[in-house]
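Pasting the structures here.
You will see two complexes here that share chain A, one where it goes with chain B and one where it goes with chain C.
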Partner chain A sequence: MKIFFSELYFELKKNRGAMTGVIIIILSLVIAIFAPLLAPHNPTEIFSDSLRLPPVFVSGGKPGFFFGTDDIGRDLLSRLIYGSRISLSVGFSVVVLSLITGTFLGVMAGFYGGLLDRIIMRLTDLIMSLPSILFAIVIVAVLGPGITNSIVAVSIVAVPNFIRIIRAQVMVEKNRQYVFAAKLFGAGNFRLMFVEILPNCIAPLIVQASLGFSDGILNVAALGFLGLGAQAPMSEWGTMLSDARSYIESSPWMVTLPGICILVTVLSFNLLGDGLRDALDPRLKKQN
Partner chain B sequence: MKFFLKKFLDLIPTLLGISLICFFMIRLIPGDPVLNLVGERGVDPTRYLEMKKSLGLDLPIIEQFWHFLKAALQGNLGTSIVSNNSVWAEFMERFPATVELGMVGLFFATLIGIPLGIYAAIKRNSFFDYFLMSTSLVGYSMPIFWWGLILILIFSVKLGLTPVSGRIDLTFDIPLFSGLYLIDTLQVSVIKAEGFKPFWSAISHLILPATALGTIPLAVIARMTRSSMLEVLGEDYIRTARAKGIKKSRIISIHALRNALIPIVTTLALLFGSIITGAILTETIFSWPGIGKWIVQSITARDYPVIQGGVLIISFIIIMTNIFVDIIYYFLNPKMRN
Partner chain C sequence: MSNNLLEIKDLNIFFKSDKNPDPIHAVRDLSFSLKQGEMLGVVGESGSGKSITNLALMGILGDSAIVRAEQCSLNNRELLNLKEHEWQKVRGGEISMIFQDPMTALNPFLTVEYQIVETILAHLNISKGEAKNKAIELLLQVGITSPKDRLKSYPFELSGGMAQRVMIAMAISTSPKLLIADEPTTALDVTIQKQILTLIKSLQEKNNMSVILVTHDLGVVSEFSERVQVMYAGELVETGRTSEIIKNPKHPYTFGLLSSRPGAVTRPAKTPLASIPGIVPAFHQRPAGCQFNPRCIHVLEDCKLGKIPIEHFVRCLHPMKETIV
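Our next item is the complex of A and B:
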């Protein structure tokens, strides 16, 4: 395992795009963790004498409000900084939820095959046949809007990707000699599945997890933008965008900044995911 | 024949599953379905029972599902609580707008994406290649609900070039024929009355939303074309062609591109679902009167029959498109026939 990760790191270091992604991710993690120290103001504090101030480097800006303020006078920079906390934890929750569920179902389907496999695969087909946002909208319509429900919805939509990847991998691995050997040593099915086979299926899971992060962040932000995600005082980037829409003519910075934050975060995880895929795909390695 | 039969048999569980989801959706919403339907304001008990009976909610659940399926197959998807129109009629009214937007968006993406991808593959590892691949990753990561707003900000607010919302100037009265304004504005009667003004108006309304909607597909198509071309260009028959002294442009356009197109066509088909997703967001931003905006509005209005029926129709269309693509594929690629 250790060798696997050090080799992976070695491969990744050569990929400039992936390293850019890693650096941005680490930076945003630092920003998210130290948000209370970095943010100049409380993200929900209202300065009623400073409504919709432009950023400080534009004429009319006030020092102390670096990126200006929003329509009810909250400091935009502080809201963006706290927003990174929400987006990163949203991405993390989506990946963890869908990874655990997807891995479990995928291993079961691949290992046992037969009827169980057919039922699980039918369910994945069903979820995949609907566009992700539409399916998430249906779930949110049932559960009600809110950040937790939108995380649940987006995770459900992400599960089939993990199931498919892990199932294909398990179906190959389960016929290998080492599995047979473990069986002879008297390992039970549970041990075979999760201790013997699963660690050997981890490479494609890592790639999917990284891409799942960006999908999760993007989809939850989209739900927030549609008014189905995070609600009012929360400084979630998608929700901030949707609030800022009506001020697009008079206060364009309110629209521009949250979107850039979403774009950069999503991009960094896509860069990492792409790099991981190149590093882990042996077929591509040979070509270079 | 066996292939088609299997495809259609595979459809049945998926379609049943989707109908089940749509059926239970309205029943899983916390609270009483009748009260959800008529709103929170109190209903007197007799009216309540009447409603319950007319909605068939007093029957056993299996029977309810059966009635729902039967009605759906007959095109009866219920009536909107907000407008009191039938869901099917509301859908049909808005569907052409989404088709027009989606087709133009996808067309834009293909028209630009494929040449860019080919060029990047030919000039592999050049500055252009790196530039295109980085830009396309940015495009792929783009939150299109933000991208749409930025396009409005630049082209409508700052430059004043395009209108912000809608499909056409409301001053024009266009007799609807296909429902696609790009076609309807070219009817002889329209041109006689107004000239080409309505047509340009329709185009200027369409251009921003189609660009926003086409951005992610454009990025995907460019990347896919590049990698598919690279793979084909490394094949032996390309080397043979080159050795025979065939002109490079001919090798690329005839020998390579034709084979590289197969995965690109698949990508295009897979993009169909993302076009619908994109339409939901794009239509909301540009107030485009299509099915995406319709669904979002019905959620805000808690118009459950519309959500239920709308999702059912949209997923049905997507599933049918996928099957259709499989069939076209079957004819395009002889390898699949065995």
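Our next item is the complex of A and C:
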């Protein structure tokens, strides 16, 4: 395991895009963790004398409100900083939830095959047959809007990807001789599945997890934009976008800044994901 | 009740197949027994049913296989009626197995320590610390120097011979009564071969363990095992003391195998080695009568009819009388 990760780091270091992604991710993590120290104002505090102020570097900006304020006079920079907390924890929860369920179901499907496999795979087909955001909207509509429910919805939508990847990998690995040998040394099915086989399937799982992170952030932001995700005072980027929509012409920074934040975070996770795939997939390695 | 560790009577193994309505008859009426502390060599071409028999003994042939036997018992305990959780105790506990290619038989993602310790913990009721000490002791026993460092290694850091030693250490960690060695040296180079076999032999004698040694190599059998059985097309064709069979094979197949070794029979220079013509018939094309009759050089009319019984430890109507020098 240790060797695996040090080798992974070695491969990853050679990939400039992935390293950029890592740096941005670390940076946003730092921002999210130290948000109360970094934010100049409380994100929900209303300055009724300074509505829709432009950023400080544009004429009309006021020092103290670096990125300006929104339509009811809240400091945009503080809201963006606090927003990173929500986005990162949303991405993390989505990945954890969908990773655990997806891995469990995928390993079961791949290992046992037969009827169980067919049931699980038809379920994933069912979820995948609808556009993911549409399906997430349906789930949130049923559960009711809110950040927790949108996390659940987005996680459910993300599960099939994990199931498919892990199932395919398990089906290859389960016929390897070390699995057979472990069985001959008296290992039970659960040991075979989760101790012997699963660690050998970890490479594509890591890639999918990092890509799932960005998908999660993006989908929850989309739900927020549609008014189904985080609710009013919460400074979630997608919700901020949606609130600022009507001011797109008069105060473009209110839409642009949260948009850029989503873009940069999602992009950095995608860069990392691609880098990981290049580092972990032996077929891609051979080509360069 | 018998004193034999392993007692097998009329073992038949069939495989169901989608294409054929009739199940494939892979092993026919195999009977043999093994005493405590004895080493039995099993020889035969690919497809002769050696490996399938071993897998049946470990109870992991899968759903497509039908295993029937009048008796198939280890220490007077019938194996075929065991439930899956009972099998898990037998596998690795009472019967252990080592494989042809040790490099693929170890999990590439887990350390040697983890794999040995887990095997021990699964079968013996001892603490993790004791298991680790036992693992070190076992590695020393199988001739691995600096076992503490090796415990931290991953399989890819080991050489083939070392990996096979680790496999052996795992196999004997639970002091099994029976060790099945399925071509343990085929994937290793010749110098390592002898070391590994000598190791297995010495462990067998020290632990009073029984060993089934499956191999292609008659030289190996003659040097290491007291008794040998020759299998062909799912049948036992000849069995007996190794020294006698090597000198005086009665079945034409055994004779053919023995005379195809380099230097087995004197032949003029630059002539090809002796060989047995043809190949083992496929499962669905098994001939009537003696299974070997299409390839036998001494075949007579009566060889092609009916079932040939084993008489005097050989399944042949016209046993050979020649000796191999």
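In this section, the second predicted complex is superposed on the first by the 288 of 288 C-alpha atoms of A that agree within 3 Å, B and C clash if a C-alpha of one lies under 4 Å from a C-alpha of the other, contacts with A are read in each partner's own complex, and residues count from 1 in each chain.
Quick note on the criterion: a contact is a pair of C-beta atoms (placed from the backbone, for glycine too) under 8 Å apart; a residue touches a chain by one contact, two chains touch by 3 or more.
Computed from a predicted model, the values in this text were never measured in an experiment.
Trainee: Just chain B (first), just chain C (second), both, or neither: which does A:P252 touch?
Mentor: After superposing on A, A:P252 lies in contact with chain B but is clear of chain C.
Trainee: Which chain, chain B or chain C, is in touch with more residues of chain A?
Mentor: On the superposition, B touches more of the residues of chain A.
Trainee: State whether A:L226 touches chain B only (first), chain C only (second), both chains, or neither.
Mentor: The first partner, chain B, only.
Trainee: Does the superposition put A:E236 against chain B (first), chain C (second), both, or neither?
Mentor: Neither chain B nor chain C is touched by A:E236.
Trainee: Using the superposition on chain A as set up above, list the residues of chain A that contact both chain B and chain C.
Mentor: Comparing the two interfaces on chain A, one with chain B and one with chain C, no residues are shared.
Trainee: For a test of understanding, state which residues of chain B touch chain A in their complex under the given definition.
Mentor: 13-14, 17-18, 21-22, 25, 28-30, 134, 137-138, 140-143, 145-147, 149-150, 152-153, 157, 273-274, 276-277, 280-281, 284-285, 295-296, 299-300, 304, 307, 311, 314-315, 318-319, 322
Trainee: Enumerate the contact residues on chain A facing chain B in the complex.
Mentor: 17, 122-123, 125-126, 129-134, 137-138, 140-142, 144, 214, 218, 221-222, 225-228, 238, 241, 245, 248-249, 252, 255-256, 258-259, 262-263, 266-267, 270-271, 274
Trainee: Provide the residue numbers of chain A that touch chain C in the complex, in ascending order.
Mentor: 1, 3-4, 176-178, 180-188, 195-196, 199-200, 202
Trainee: What does chain C use to touch chain A in their complex?
Mentor: The touching residues are 58, 60, 85, 88-93, 96-97, 99, 101, 104-110, 118-119, 122-123, 154, 167, 170-171.
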